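Please read through the structure below; I'll follow up with questions.
So that you can tell them apart, the chains are marked A, B, C and D in the order they are listed, and the count of residues begins at 1 in each.
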């Protein structure tokens, strides 16, 4: 369970988020949307403790991230998979190794890693690019690799920041279906996106952010 | 275990994937190590040479012509008790004259005016190197002069003083220049590795965001630093040996005697350079990565 | 006028583009679309001579890019504005300076640069972020900065690679309107995108790429 | 002009925006320059000291007691014509005896056996430093021996030989060590700047894609390299002066005479270090940026 209580986050005295109160239940499938600069990425960052709230508290799986000891942060993050808006692939290793990294961090052994990574690559149709370096991939292929890395470790919570911005509608559909499967297996799923086709008429909960505030909340 | 293997592979991969720039780093550090070890080798050789020279230094105790056997016995006894004295050589009046003739060479006619041998018999003493301080020798000489049957005690006062100050000056120079170079190189190592790792700040950030622990992030970098240092040390050692061999060969053309006293480090000291380089780079890497904050 | 005659481009012996023949007239407004990895970015790269064709010829404004002398390349590129898919903002300078750079390269003087940059920033509603560094911007704001840099020098040809991937529909509309205005002033406009809402029912020419080949061409 | 101003500002901005890492680079190069200039300064001082010593070296021409005024005239004339001789000093028999008494010190009783003064009169010659080669001096001595009225010609053969080989050895050492250090430092500079600029490869790519010309891309980097080198040189010069002052002060406690002969570089040479550093970094930057291909 993820809980924001009256959370604000400031950059240079400007609020990127202000007075956000929000509860996301375990196993939920929720969308965050809103215009550019509304604070979507900032909201996600608060969940995986890349930023700490300047006001209020954020609690993730019962832990107050603002009070988390440094040593505890990696353990929190290992339970969360993140598709970063700017991908954040390591440039010096192949797609395979980029994805495997998420498992290495868990100390999983090489054989199991190989199996899992190949499975994930197959499920998103990227097997043929396994041994390419990120700079040799197209924009969409990089995004797919970033998605694969976020889901390979079967995290409790999956955060996806604009995961379809570089994908064609067909591939985007495949990804959303995959996400839904993952969600059905119990993973809490939070997707930040502009792409309203992803949530239109799906019945999922959607949070509309605007200038750092929750403008409205719907179940489309 | 599995993770360690992986981290090791990662280090090798990282090292290899940026081989050009890593090679530059290795060479830079190797050059640094080479300078400092060359400096140490030169110091070692100068020190040994000085030791050789001062090994020839001693006191000369001139004896009265009319010295008695008993007096001579007392003096010899005193020499035995003095542990600073490493050798005693008795020079008869005849030997002394012979030596003087040799020394004078073509000016030997100067001795023609003498009716009898004017030179005294003497003891030549050699002292331990540690005891060759101007003050210590002066005291020894004064004490020896008190003995019955001793005409005079001589030693190269001026020579000893300048030798002493040369040796002291050299030590000051060695220590100060050596520590400057050492600090400089530690700094170059740190700086090179820092600049090298600076590029990876993004990568480190990403690893942190993926939930990697501190040691998971650090270990590959430290190992990479270790490789860099180790390779640098090995290169420096080989280069030093090469330069030593070439230099002594070249210098021998000018000063043939150099071959007899030039020395290289003993084999037991060979690992010092690679291991020292590795340690230095390891510490440099540790500082370069810095504190990892979440 | 841009002309592709039987152009192929290979990476590691795999064709990213094969046998493309295509003519784009001066002043056209054209879309390139197709799934991830279809070769859209590669096609644009061939126009601004970031890649040279392995087969066939690409000619831009009468120049064969394959035979272009090294010294002539910068001059070609100064007539082309590019919105890169990965933005390519310089990380060490502010948004203002990133945009100004495109004019500096033309040797324009500082006063004029200041005016032009401020005008562009105003037209896309980014004036308040002028003195931020790219890493302090949201994904959409970075994309806007990249767009501003591409259009500020009023190029003859504007290439935009997935220019709305990180923009909300409202902002995307604004950008497309801006592009249209620029096009009406005579700039050739080539947009590579997955985002079919941009060209659906606009009557513009659309090239559909698939696996490096032109699959179809429509006037929607 | 406008563009140049901009490029200059860019260089300053770049330098400043990465000030930490640039500072490291500056210090690294400064340390390198410091080592090489310290080395040059030490060499300069050793060379001057050697010159001082050998300035006291000369030939002694002993005259026969029965030499005629005419013969003496011929000899003096010969001295005048020999441009290698810088000074001639005539020592009478009496002066020679006085000097010998002083030299013998407490052993002066050795002279008691003489009835008349056994020492000859002599000319002491000093030679130009350049002419102090063992072979040259030997030849001079042989020629002087041919003169009527010359009893003998002496010179410190052994001392000269060892002095000569010391000086030669020192020169070999200086040149070889110096060039190793110079190459090493040129390399460290290149490497540091290369690593520093390596991070910017992406930036350079972007500039190329935006249509920037080669010089537009290169100039800020070159200027940045210039700043780095210039600052390094200034820091190195200040540090060298500081270390020189402290070292001579410290050494003077041990060898007071050091103050009279230790020298620093002349003010005219001060710009060499900053300008040399700037030039070196400039060239390093040029290589570091490498060929820009479109």
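Before moving on, here are some points about what is shown:
In this text, a contact is a pair of C-beta atoms (placed from the backbone, for glycine too) under 8 Å apart; a residue touches a chain by one contact, two chains touch by 3 or more.
Note that the structure is predicted; figures quoted are calculated from it, not measured.
Between chain A and chain D, the least number of touching-chain steps is 2.
Any chain touching chain B that also touches chain C appears here: A, D. Relative to chain D, the most remote chain by averaged C-alpha coordinates is A. Rounded to a whole number, the gap between the C-alpha centres of chain B and chain D is 23 angstrom. Chain A and chain C have CA centres that are 29 Å apart.
Here the CA centre of chain C is 62 Å from the CA centre of chain D. A separation of 62 Å divides the Cα centre of chain A from that of chain B.
Judged by the touch criterion defined above, the protein chains form a single closed ring in which each chain touches exactly two others. Contacting chain pairs in the structure are A-B, A-C, B-D, C-D. Partner chain D is touched in their complex by these residues of chain B: 21, 24-25, 27-28, 31-32, 34-35, 38, 42, 62, 106-107, 110, 112-116, 118-119, 152, 154, 165, 168-169, 172-173, 176-177, 180-181, 184, 187-188, 190-192, 194-196, 198-199, 243, 247, 250-251, 254-255, 258. The touching residues of chain C, when paired with chain A in their complex, are 11, 33-37, 40-41, 85-86, 136, 138-141, 143-144, 161-162, 165-172, 194, 196. Residues 2-3, 5-6, 13-14, 17-18, 203, 205-214, 216, 293-294 of chain D are the ones that touch chain C when the two sit in their complex. On chain C, the positions that touch chain D within their shared complex are 48-50, 70-71, 73-78, 80, 82, 84, 88, 90-93, 101-102, 104-105, 107, 109-110, 149.
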